[in-house]
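The same subunit A turns up in both complexes below, where it pairs with subunit B and then with subunit C.
Coming up: the complex of A and B.
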């Protein structure tokens, strides 16, 4: 059952990501991107990371894609989409080396039998307290400093965006 | 060990490479930006796979922080695209050569 869901959702995610690249219109790319993010959220659920799946839908498919679609609507991109992309030697070399990297990664990660190291979050701990409580416990103890740093970074990012986009009078 | 671990890893690698190819081949700045988000998603799947294989939460926290940084990056990046569009009238990446000598 899990395998069937994984194959369907993973396949749709890969196809949607390919369509992001190949779509002619930027807005269509953004909409395929939303589909891809939803499918990745399903993959997170299959990996027992339900919290992350919710964050994926709310933050990525909700907030970030909203940002991007607003930006596309504010810019007039119609004339760019006509231009033909010239195949230049640097692009060919780049894509070729990426294909080599792809094959290498596939061989390394699929060929070997990876043995796990059991970490601190056992099945018993999750069954006793629930996954969410365990996650929040770790987030507000071991990961408190990165959490605060990220909150400062987000505030700085929002202020920076407003300052950059403001029209000078 | 997660069931079907190799399939999750293959999915992660495929998404990463698709994003990288798009970031190289496309010239529209917003599409390149979305391709980078695809690469981040692929890395996230790999992180979560290893995290649940090892009964650990470190990978999940890494993905949470990556999401937060990606949100900040989206805000600043799109503001920069808007500014570039006002200055140059296009967001074609080949035309952004202010820092090239």
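Coming up: the complex of A and C.
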């Protein structure tokens, strides 16, 4: 049952990601991206990571994509004409590196016997404390430093954006 | 297993039917209350004091002509109302109508699901619902629609942050993200007493999120001729309309859950209290609509970012200090 859901949602996510690239209008691309993010959130739910799934929906599918769609509407990119980029060398490099990456992935996954490594969040912990409590305990004890560093980084990003926006006036 | 599934399906059907009936009749409440506030009668032709008006409106909606503008983005134009109503109805899943009851020997919980991350679910799905209005405005290929959609997007992003901050303070005093635990933590003392500032903040931001009157920028009739749904007709318009009232019901239910003690109350039992409080909040929504004029757009944005957001952060800080000092 879960496998069926996983295959459907994963499949839709992959197709949606492809359509992000191939869609004609910019807004449609953005919307396919929303669908892709949403489907990845469903995959998270199937992996028992509800918290992550909800954050995926709120932050990526909600806030960030909303900003992108807002920008698209503001700039009024209704029907963007596809420009033909003449540089053939970039195409060759792109396709070439894609093939190399794909081959590497194939070699690694075929050559080694891949076994999953269990993380610190176990079924037993979740059953006794609940998912949220387990995650927040790890976040505010073992991983406190990375958590704080990331928040400082994000604050710096916001301040930088404000400075850049102010300078233009 | 079969018994469990049957109970679940019956519960879902009952919950959605009751909620959608409330949604239909909140349009009646709105028209009636607005009418009496303005010294009119409101609808009273169809049924006793217009009680069948929502049903008549629904039937009328089905028989109206469907129009799709020539320069509309057709798939998006059809998809937008669906997103709107689907997200609004999905929110009913987490509404806690009451505690456990025993019916015919089965212990039944009066809520559909107790999500571990219920609060986040509310925030996430309501953002997804906001796409409906924005895409509806954009795809109809009408300048008023586009401006309504743009305003909707900006307003949603701005006020959702402050709303999340208000909810975080509630989560801090309750110690859980599950709506059921939040209600249970309010036995004896309601959160409106513990968190009066968060209550005010949540009401203001919630009204902005459900696009009600001091904040109904996306569809300001006077300047945008109805805004994002200007090109919609027939059932597609009715879906937007239903989504709006569904949001109002969910918002009222959430205010009840977060601040007014959910199903707790003396003498009469749980669900009655829940619906009583919810209807009071719905009445409040209508009342304030007839009281306040619409704000100007730049006022709304600067109010959201410069007053509500710092206010919400300060409230969280004070709540944290309070909890440390009094060791709660």
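Following the convention adopted for this analysis, the second predicted complex is superposed on the first by the 144 of 169 C-alpha atoms of A that agree within 3 Å, B and C clash if a C-alpha of one lies under 4 Å from a C-alpha of the other, contacts with A are read in each partner's own complex, and residues count from 1 in each chain.
Going forward, a contact is a pair of C-beta atoms (placed from the backbone, for glycine too) under 8 Å apart; a residue touches a chain by one contact, two chains touch by 3 or more.
Remember, predicted model here, so these are calculated numbers, not experimental data.
Q: So, A:8: does it touch subunit B (first), subunit C (second), both, or neither?
A: neither
Q: Give one of first, second, both or neither to describe whether A:107 is in contact with subunit B, with subunit C, with both, or with none.
A: A:107 contacts neither subunit B nor subunit C.
Q: Report the partner of subunit A that touches more of its residues: subunit B or subunit C.
A: Of subunit B and subunit C, the partner in contact with more residues of subunit A is B.
Q: In the overlay, answer first, second, both or neither for which of subunit B and subunit C A:154 touches.
A: Only subunit B is touched by A:154; subunit C is not.
Q: Output check: A:62 vs subunit B and subunit C. Expected answer is one of first, second, both, neither. What do you get?
A: Only subunit C; A:62 stays clear of subunit B.
Q: Quick check for you: in the superposed arrangement, does A:51 touch first (subunit B), second (subunit C), both or neither?
A: both
Q: Which partner chains sit in contact with A:144 here, subunit B, subunit C, both or neither? Use first/second/both/neither.
A: In the superposition, A:144 contacts neither subunit B nor subunit C.
Q: With the two structures laid over each other on chain A, which partner does A:34 touch: subunit B (first), subunit C (second), both, or neither?
A: second
Q: Is A:74 touching the first partner subunit B, the second partner subunit C, both, or neither of them?
A: The answer is both, since A:74 touches subunit B and subunit C.
Q: Taking the stated contact definition, name every residue in subunit A that is touched by subunit B in one complex and by subunit C in the other, in rising order.
A: 51, 55, 63, 67, 70, 74
Q: Please output the residues of subunit B touching subunit A within their complex, sorted ascending.
A: For this pair, the touching residues of subunit B are 1-11, 13-15, 17-22, 24-28, 30-31, 33-35, 37-38, 41, 44-45, 48-49, 51-58, 60-61, 63-65, 67-76, 78-83, 85, 90-92.
Q: For subunit A, which residues count as touching subunit C in their complex?
A: 25, 27-28, 31, 34, 38, 50-51, 54-55, 57-58, 61-63, 66-67, 69-70, 73-74, 130-132
Q: Which part of subunit C faces subunit A closely enough to touch in the complex?
A: The touching residues are 73, 76, 115-117, 120-121, 123-125, 127-128, 130-131, 134-135, 138, 146, 149-150, 153-154, 156-157, 160, 176-177.
Q: What does subunit A use to touch subunit B in their complex?
A: 2-3, 6-7, 10, 13-14, 17-18, 20-21, 26, 29-30, 33, 36-37, 40, 43-44, 47-49, 51-52, 55-56, 59-60, 63-64, 67-68, 70-72, 74-75, 77, 80-81, 83, 85, 91, 94-95, 98-99, 101-102, 105-106, 109-110, 114-123, 134-135, 138-139, 143, 146, 150, 153-154, 156-158, 160-162, 164-165
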